[in-house]
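Sharing a structure with you now.
In this document, chain identifiers A, B, C and D correspond to the written order of the chains, with residue numbering beginning at 1 in each.
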Amino acid sequence: MPATSLHDQFRDVAFTTAVPFSRDRTDVRYDALADNVSQLYEAGARLFIPCGNTGEYYALTDDERIDVVESHVEATGDEATIVGGAAGNVPEVTALAEAYEAVGADAVMVMHPDHTYAHESGLLEYYDRICDATDLGVVVYKRGPELTRDVLAELSEREAVVAIKFADDDVKEFSQTVDDADGDVTWLNGIAERYALSFAIEGAEGYTTGVGNFVPEVTLELYDAIRAEEWDRARDLQQLLRPLEDIREESGTENDLAAANNVPVVKHGMDLAGYEGGPVRRPLVELPDDDKARVEDQYATIDAADPY
Amino acid sequence: MPATSLHDQFRDVAFTTAVPFSRDRTDVRYDALADNVSQLYEAGARLFIPCGNTGEYYALTDDERIDVVESHVEATGDEATIVGGAAGNVPEVTALAEAYEAVGADAVMVMHPDHTYAHESGLLEYYDRICDATDLGVVVYKRGPELTRDVLAELSEREAVVAIKFADDDVKEFSQTVDDADGDVTWLNGIAERYALSFAIEGAEGYTTGVGNFVPEVTLELYDAIRAEEWDRARDLQQLLRPLEDIREESGTENDLAAANNVPVVKHGMDLAGYEGGPVRRPLVELPDDDKARVEDQYATIDAADPY
Amino acid sequence: MPATSLHDQFRDVAFTTAVPFSRDRTDVRYDALADNVSQLYEAGARLFIPCGNTGEYYALTDDERIDVVESHVEATGDEATIVGGAAGNVPEVTALAEAYEAVGADAVMVMHPDHTYAHESGLLEYYDRICDATDLGVVVYKRGPELTRDVLAELSEREAVVAIKFADDDVKEFSQTVDDADGDVTWLNGIAERYALSFAIEGAEGYTTGVGNFVPEVTLELYDAIRAEEWDRARDLQQLLRPLEDIREESGTENDLAAANNVPVVKHGMDLAGYEGGPVRRPLVELPDDDKARVEDQYATIDAADPY
Amino acid sequence: MPATSLHDQFRDVAFTTAVPFSRDRTDVRYDALADNVSQLYEAGARLFIPCGNTGEYYALTDDERIDVVESHVEATGDEATIVGGAAGNVPEVTALAEAYEAVGADAVMVMHPDHTYAHESGLLEYYDRICDATDLGVVVYKRGPELTRDVLAELSEREAVVAIKFADDDVKEFSQTVDDADGDVTWLNGIAERYALSFAIEGAEGYTTGVGNFVPEVTLELYDAIRAEEWDRARDLQQLLRPLEDIREESGTENDLAAANNVPVVKHGMDLAGYEGGPVRRPLVELPDDDKARVEDQYATIDAADPY
């Protein structure tokens, strides 16, 4: 798929898919994963990001990461774009990118940097080396301070970079970054449905979704409303999905860490909606019962609203 | 070395050593590294943490990490304690720990968690699995919110855990954590000289140093003053070292990211003091000239003070 | 003016006016102030908020505050709405509100709370008492954490509350607050032009402006574009004004405090555009020369663009 | 009392006293206040700060503020130092200072600045004008970013400034500030018992207390242990008081605002200990029952420990 086409493929909802594990969480259930992804494709999903945070990237081995990406390639049709997440230093990311390419991925999303200390010029060189080392399209993932406006403006000029996932809750900074960056990239709102309208009005042409793993039609409907500039409809759909997103941001029980519910809510929703969710790996834990009940309520509300 | 002895070994200054690279930064210069470490040992350093942030952990390959740890084992005498840093998910950390043990390390320091989302119980299980999988002493590294007071109190009870490196600038939280944690661990102030007095008065029995890579005698002198409760002398030494630490916290030029100077200052200091510092790997870059000059001034001031 | 009409008056750009001082900053220049306000009225401004932060509220005496509000009433025509800012405890705010009413103001904006400690229920009672004590319409000003979503939802139900100025840069929270609040209030984006599009798409029907003090036509044009849902035009106008807003957010020279340039930029712009700006009172200081030059450049750019 | 003597008076525990109100909170109960203060004086308290945050400064009228300060002067013996809090712009603060002087106060504590925008030079001039306008000793109150290290270093040189209350939880910044400031001032740890050891080791010669309103002997004992460098005893006393301070930092019920319990815990403790606490004014509310029970438990624990 040529790079120009890739830019266009990112003008869509990007599904950051979850990975179903065996009951003891030891193994990835690739068949179940393939069923999930295939169902999403049938529901209209075209852009997939396996091995992101919702995919529990940091709890997977490299072999699993590659097999997860391959499962997406195989379980989807011709119109699908598959973007594998990869983190680490240059050799680590480029090795994964090479493997993703070998199994048929279209692009690699470089995860937000882990390095404890970094310099903007050093980060630029880091991304440049990755761009040079892969034939895949590169998606740059901004989350946290490391990728400054200047770095993103510079990276937008790289031919390999097809999209930038902007995942900080700062719509002013996003707006200014889009304006400052002269390169030809597709901008993704990386913080999902609750920011879908405000980031779209400032230049985002797509967004990433987690709840799309189990209510794909609703988030695709939201995307459609935004593209059509039907703002009242878009706001209604956004409000319909908001409570699920709010629960994901919570800590659950016996825990003070923010957003520990993030992936567990998605997986419980998948279980409810006929997808294969199941358990999460450590350092995450299952959703507490009362939060499960809240997710069930919200899922029922969405189902009853039948917006699509 | 039995665990009881390890606890005592951590009542010291912990040298988080830097790694010298070839001019093109492609290779680790193991001979130069061995010279550095051996010189530090001669200067009185006994506790070494290779493969930490000052050791550019995130820019090393696994093979390099293991060889760096081995170099420390070989370059130091019988009284040395060698603690290798390791990050990632359970299989990744335990594989590194096994390799560190094979080359003669005494302990493994589990780096602050990278996982984007975590739950306190899940983190506990994460550390428990690592503790179960290694015969090395385990050092827990708190930096950021993930390791809450409750998690640290629980981990302090694990037999494998010998020390906790507390690297948040919150002396009240540190004090309360030490008081809440009933287990037998050695508490390390993980944010170096500028916090050495205040954390010591609240229960820290050791601290980690970066500038110790090139002024080991001064930081060991500071440690001695604290142990002797000679607070005026300790404050003077702390103030002598403070400007170097302040420069490390800065961003350098053409950069907005905090502490990009952290490792470059250490390496430039090493070059000044007759150690092998040299270049840093990406995403870090060399120290700008004016910051080099400031480091030189401070180094000269310390040299002239000749406190030891 | 009946309350229903007031709600509608807030569907507009709210001009938070600056106060011109004598050269030694001792006296308010009421004639100059009246000229400024009258010019703004002629340029199309209809909604005025004297005695806000841009009006250096905290550096005025109570007598000056009242006279400043009165000047606005007298210098504007029948279509103007005048909203005086007031801060402090219940007796302090209600005394000012009474005085503002006596000089002809339409509403009182209660400044963000100063109290070091507060409880949500206590804040509700604080606002309720103010509402009970005045016949003016009340504008609630959210800036910082004190006015939570719950408090704002409750306050939206008060008959006296006609508008809520939301001045935190959190568009998700704004969106959720608007959705949760069932009362009949007009929502104002309280952080000006750079947030004008994103907050409008989430339910803001007006916004406050500082640069409107000297480029009123441009910000009114921006408002018009937003109302017309002409987003490309709106984005262009937003980008045209953005650099001025960015400079206002800066610290100037020999200073680390954020946004010290806020009012000085406005006053220098006023001097450039034929309004009476002049000096600022302590703890603010005049704009440094290089920032003055940057404001001049930006003003020239806007002038050349001649968007209206 | 000459300024040199004042400096010495601040080498002590500074009691930030609470103000008892009538049941409907309308009136200050001056007799009860005088009883409280007189009891504290008998218990050994010598340094009093009425009209601070614990004194609900922001909920008092100017007349009440002055009368509260006067009550302190009258209810205490010759050895007492009385420091009245004052906030606002220059005319507001100087008017209060003048009134405090007239009723016999020794010093005025200028509250942390309220001004929404400020410049460091402008702040300096603000404090200079206050210093020039009063014959009282001036206490500078740092809380939040406004009073930078540079501003404090400068203010330390003013003859009128006798003490600086440093109330940010940043012991490194405190240490550096003390080192940078060449002037002759007494440094107060402004965040009470939990920071008493760490700030003392870095140069604080006194600290402010809230719980001292009802357990004065314990906090004076802690101060004594610190002065004697009996660190184990000091740590024990600190740990004994810590839970009360932790509850003060909490939000109570039906509230998300931090530290809403701050003053209510103190007043409930006063009720328990035979002082006159009583209700708080809005925007604070009474302590919830379960928090009252926790305060009672802690008070009983302290009483049983009988450390003095």
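To be clear about the criterion, a contact is a pair of C-beta atoms (placed from the backbone, for glycine too) under 8 Å apart; a residue touches a chain by one contact, two chains touch by 3 or more.
Quick caveat: nothing in here was measured; it's all calculated off a predicted structure.
Visitor: Which chain's mean C-alpha position is the greatest distance from chain C's?
Guide: B
Visitor: With chain centres defined as C-alpha means, what is the inter-centre distance between chain B and chain D in Å?
Guide: Taking the mean C-alpha position of each chain, the two centres sit 39 Å apart.
Visitor: Which integer distance in Å separates the CA centroid of chain A from that of chain B?
Guide: So the centre of chain A lies 35 Å away from the centre of chain B.
Visitor: Considering chain D alone, which of its residues make contact with at least two other chains?
Guide: As it turns out, chain D has no residue touching two or more other chains.
Visitor: Which of the chains are touching one another, listed as pairs?
Guide: Here the touching chain pairs work out to A-B, A-C, B-D, C-D.
Visitor: Hey, which residues of chain A end up touching chain C in the complex?
Guide: Touch list, chain A to chain C: 169-172, 175-176, 179, 194-195, 197-203, 229, 231, 235, 238-239, 242, 246.
Visitor: Report the residues of chain A in contact with chain B in the complex, numbered from low to high.
Guide: Going through chain A, the ones touching chain B are 53, 57-61, 87-92, 113-123, 125-126, 129, 145-146, 148, 150, 251-252, 254-260, 262-263, 280, 282-285.
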